[in-house]
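Chains here go by letter, A, B, C and D, matching the order in which they are written, and residues are numbered from 1 within each.
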Amino acid sequence: MPGHCVPPHLAASRQKAAGLLLVFAALVVFPFFAGDYLVDVAFFFGIYVLLGLSLNIVLGEVGLYDLGHAGFYAIGAYTTAVLNTRFGIPVLVLLPVSALAAGLFAFLVTSPIIHLRGDYLCIVTIGMGEIVRLALINNPLGLTGGPNGVYGIDSPTLGFLRLDSSAGSYALIWVVVGLAVFALFRLQRSRIGRAWNCIREDEIAAQATGINVRAYKLLAFVLGAALAGVAGNLYAVKLMVVSPESFTFWESCLMFSIVLIGGMGSVPGVIIGAAAISLFPEIFRSFASYRLVVFGVVMILMMMFRPGGVWPRRRGGTESRDLLLRLGRPRG
Amino acid sequence: MKRTVALAGALLLVCALAAFAADTKPPVLIGLQAPITGPWAYEGQMARQATQIAADLINQKGGILGGRQVQIVLEDDAGQPQTSALAATKIGGQKNIVAAVSTYGSSVTEPASNIYEKRRMVNIAYGATAVRLTERGSKYFFRTCSRDDSQAEFFAKAVPLKFGAKRIAIMHDNTAFGKGLAENTRDALKGMVDSGKLQIVYYDAITPGEKDFHVPLTKMRETKPDLWYYTGYYAEAALLVTQAREIGITCPFVGGNAAINAEFVKIAGLPVAKGCFMTNEPLPADLPTPEAREFLKAYKDKFGDIPSSPWPVYAADAVNIIAYAVDKTGSPTDGTALAEYLRSKVNGVPGITGKIGFTDKGDREGVPLFLYVVDDQGNIVISR
Amino acid sequence: MTAAARKDAEIVLETVRLTKAFGGLTAVDALDLRVHRGEISSLIGPNGAGKTTVFNVVTGIYRPERGSVFFQGENITGRKPHRIVERGIARTFQNIRLFPNLTCLENVMAGRHARMRSGLAGALFHPRTQVVEERETRRAAEERLAQVGLGESRNELARNIAYGRQRMLEIARALATSPRLIVLDEPSSGLNPRETEDLMVFIRKIIRDERLTILLIEHDMNVVMGISDWVTVTDGGRKIAEGHPRQIYHDPRVIEAYLGGGT
Amino acid sequence: MRVFFEQLINGLTIGSFYGLIALGYSMVYGVLKLINFAHGDFFALGSYLGYTMLVFGSGFLTTHLGLWGGLAVAVIVAALCLALVGVVVERVAYRPIYPAGRLPAVVSALGASIILQNLIMIIWGPRYQAYPAQLIPNFPIHAGGLNLTGLQLLILCVSFALMAVLYFVIQKTTWGAAVRATALDRDTAALMGINFKKVIRFIFTLGPALGALTGVMVGMYYRQISFTMGWNYGLKAFTATILGGIGNLPGAMFGGLILGVLEMLGSAYVSTAWKDVFVFLILILVLIFRPNGLFGEKIAEKV
């Protein structure tokens, strides 16, 4: 249709909608064609997306060096495991409960240290993550089952429907991821999201524009921890057993890499980062010990060629649109 | 013209291939999960080698189900619960795999066994001794290695008596295996402690991966134990004994079944390793059975030396018992029938690690336990 | 503003014996400062006279050792910076502190933060009130941008615009917090004479249109003389003189402080 | 009281290793503000290289050059190799990423750490290796009722000597001044004619070389080495660097010693199982009250 030219910003949003629809369709159709193994791989990919998104709030949005995020992931998983096995509370009810538990834990732990800057905060988060893991191993009050962890976690039941198949857990995780992505996009465009980014850019200036820096940093940690707690719940339900080996300092490093490789503060970027981190070791399973060397090389190359991340956050995204407008009215 | 010739050639090829496939029978696939990477990479790689030897020996004797070859399908679980779940889904998902040998490490075995249970596939653990694994009422889970509590009971009955020990120090490494054995030992000694026959004067855990244990050892020395039981792995055990002798701890050292092997002797050095004891199932070298001699000879010929710990041999026995059961039941695809057969019909079947039989919970029956000692030449022999 | 009018005009900002020390160095020594509503009050003094420190204490970044700060009669000593912005004091910085990787529009919208109410629930569920507030915030920010002539570059990243315009953006951000008092820290530094002239015109305009009060730190004497209603001179953290610009210009103590001790 | 003194020596021995590795961390950290996760693996690689040389030709070195000659050669060769590895890693993995800021460099350092750790596993195999036993006569000393070992005192002396040498190099020599200047302000230092690239090469040779030296010492003292020890010691050394105060070399040394003593106190008087929890709690408390570490100078935020 010669001459018809849709105004650019309308075209962009329509394109985005089409893209989203395509992704949604692929997600719905995927489990019917892929075997259980691939569906499970997609499940753990979903877990790493959630973990990436949860750390992205703290590291990507507010720029706080958090290398102990696995601690919140563990709190969520163990809250679900202990409450379900001891008191029989259905696991889906425990989804919000583990988010609350992780969020509350984050509030209590980070309140006294939220004023720390950069690397000092980093080592304290590492310390906090290790304290959680070691406490789980040492089995205080006989609660956490020590190194064997807690076993016998029920499968999720939705009314009469038992979601214990691979496809069931797949559906559960990707519904939660969908909600999280939707919520994070909205948060980014809200007063809270802007305040977080201001704090990341310059704390002193943020204070001078009326932002309660301490409160917003704490909010970021609480929300990040809550989302990690949700991931912990879904992980515990899938494996039906939780043990300290799954919540090591290395897990926190993986989350850190997901946010950096994907792009700080960029939701699509974090999703791609999670894909790289979780799918890569699976694709190269057969290489056994070499795959970790290749994995390390990939991390370096990513940072070399895409230091801003694979899909960096479009800031001033409307710049291009603005440029177009300024180049003169689109003809037709 | 040229096209038709090419077409004919292609057709011929396809027929040949089909014919070739028809007459040789498809192999019987047995899944193997092992920590090929990660901190237990050494145990995993030995398990792969041992199961390969077991399969070769079966195939040399004509295979099973009338000549079908046994083939091992390996999946690396990296000693991680999550990777183990993925490996189990991958093995469980392949219909033509009859059963799985899975895996090393109690908390790595558990998520995998949950998945095999759902897929109704027999899974036999070779390096998971946590008592609770067979308390979960699972129908498809078995293990060829023994449980922590059997070793703990053996220690409680035999060892303090042998050394006339009254003050016992127990040290573990906070791993699933080490802490399990330590706790079971403490429970097993409870009777004697209550009756005042002996005391547990020290009970604590070191951190695996570390090297310097002077501080906990000095603390232990001050409790003046006359018998010291360490239930962790050989790497730390070697460091512990060396450093203990350095700071003047002279009481006898007894290790759990993962504490003493050739590596232990190499790291600790003969002067220190000499006279260290261990509670353990029969070591490969001491296995009296003819199957053991045949297996060890084949293993040594192919890989240069025999496995340095019991776990890979249990993996080999798992392959043997699966092959035996599949051959007897004649149904390579029916997991439930295989599980039922293993549970009820299998007892006293000759295997590398002695007679193989399973209790109704899936535990290994009748594995004798011995007190081993490192002799003057550094060999690990049964202590009389 | 005549001296008489100044006497009965309400005191907007007052510091009483304000003292701040860093280790041994007393940056501000028992300073009494009074700023009246609607005036442009300047604070001048040689380098290291503690001018910026006074600003940082007033705006809550530092806590004073002794003395107190009153704003519109209320004691705001030691209050947190964001509380002080809520009370109505906005500030700019000596070396510009914008949000470099955010757009100009977002920088000014940040100024509106203290005046907004929407919280977590608002962000997630977009109730009517939140949608209205967001639209209102965007409109107010656009207005402030236009006011300083930056309407066109609303989507430029703050770090990509010229230095002079960054100064104006920082002032626009300060204005966006709907303050009663604006504290400008050497706004003309780095500006060329024409930009300085525009700045002075702009300051006179906003003080009239928005009934503001301005406290200014400035080196450039013709700016101080040009637009100040009242001048306070400090040296070594102590107040050595105050008065109308003309009086200060001829005050021997000021000259001596500036030109160093005469024979 | 006697036991406490013995435990103190134990704590200081562990601490001296943490301190030496923390020095390597702190040098790179001070100048580049980079958390060089790979440094722990430099230490491990040095230990393995030392092992190979001492075991090569069934102790060829020590038989021909005598115990101390053999050890000296092994240490020097290991240090030189690691100096080379350090420069290569910096040139390949870090330099292209400096302009992108600090965070991408952390991910790159993590990548380098995995590569080194798994290369060690692939080359030397996953098994634990053991330094030759009869190499170092470990004569126990029973001075004043204390059960100490000769090697323990030797390690303490060598560590303190190394720390002193490094303190001298950094505080008193021109190269040291160049490093400190670049750490404080890279651009101004460059204006003073300090070539940033040379300083980087200097710290990426000295740091890893010191790591290698420590690796051989750990191998000699404990005799057992594993490919994952780089990761464990690395985390402890990083903690020591922070405890001492960022970019403060003497701080890193004392941070290491204090960390060792803290571990001793936790292990001896709380419980060995809860030792690390105790140490991290103390670290967090220190940072709450001294946000710049024990010896880090309080830099007021320039507003």
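Quick note on the criterion: a contact is a pair of C-beta atoms (placed from the backbone, for glycine too) under 8 Å apart; a residue touches a chain by one contact, two chains touch by 3 or more.
All values reported here derive from a predicted model rather than from experimental measurement.
Q: More contacting C-beta pairs: A-B or A-C?
A: Comparing A-C with A-B, the pair joined by more C-beta contacts is A-C.
Q: Specify the chain most distant from subunit B by Cα centroid.
A: Measuring from the centre of subunit B, the most distant chain centre belongs to C.
Q: Please work out the Cα centroid separation of subunit A and subunit C, and write it as a whole number of Å.
A: Computed value for the inter-centroid distance: 41 Å.
Q: List the centre-to-centre spacing of subunit B and subunit D in whole Å, with centres computed as mean CA coordinates.
A: Spacing between the chain centres: roughly 37 Å.
Q: Compute the distance, rounded to whole Å, between the mean C-alpha positions of subunit C and subunit D.
A: The answer is 49 Å.
Q: Mind pulling the subunit D residues that touch 2 or more other chains?
A: 121, 126, 273, 276, 303, in rising order.
Q: Going by the touch rule set out above, which residues of subunit C reach two or more other chains?
A: In subunit C, 61, 93 touch at least two other chains.
Q: Which residues does subunit B have that touch at least 2 chains other than itself?
A: 37, 41, 174, 205
Q: In their shared complex, at which residues does subunit C touch subunit A?
A: Per the touch definition, subunit C meets subunit A at residues 59-61, 80-82, 85-86, 90-91, 93, 97-103, 106, 109-111, 113-116, 118-120, 122-124, 126, 130, 134, 137, 154-157, 173, 176-177.
Q: In their complex, what parts of subunit A are in touch with subunit D?
A: Against subunit D, the touching part of subunit A is residues 65, 112-113, 115-117, 119-120, 122-124, 126-128, 130-131, 134-135, 137-138, 204, 249, 253, 256-257, 260-261, 264, 289-290, 292-293, 295-300, 302-304, 307-308.
Q: With touch defined as at the start, can you tell me which subunit A residues reach subunit B in the complex?
A: Going through subunit A, the ones touching subunit B are 35-37, 40-41, 44, 137-138, 146-149, 151-152, 164, 166, 235, 238-243, 245-246, 281-282, 285, 288-289, 291-292.
Q: In their shared complex, at which residues does subunit D touch subunit A?
A: Going by the criterion above, the answer is residues 33, 35, 92-93, 96-97, 99-101, 103-108, 110-115, 117-119, 121-122, 126, 235, 238-239, 242, 246, 273-274, 276-277, 280-281, 283-284, 287-288, 291-293, 301, 303.
Q: Any idea which subunit D residues touch subunit B in the complex?
A: These residues of subunit D touch subunit B: 3, 6-7, 10-11, 13-14, 17, 121, 125-128, 130, 133-134, 138, 140, 147, 149, 152, 218, 222-224, 226, 228-229, 232, 263-264, 267-268, 271-273, 275-276.
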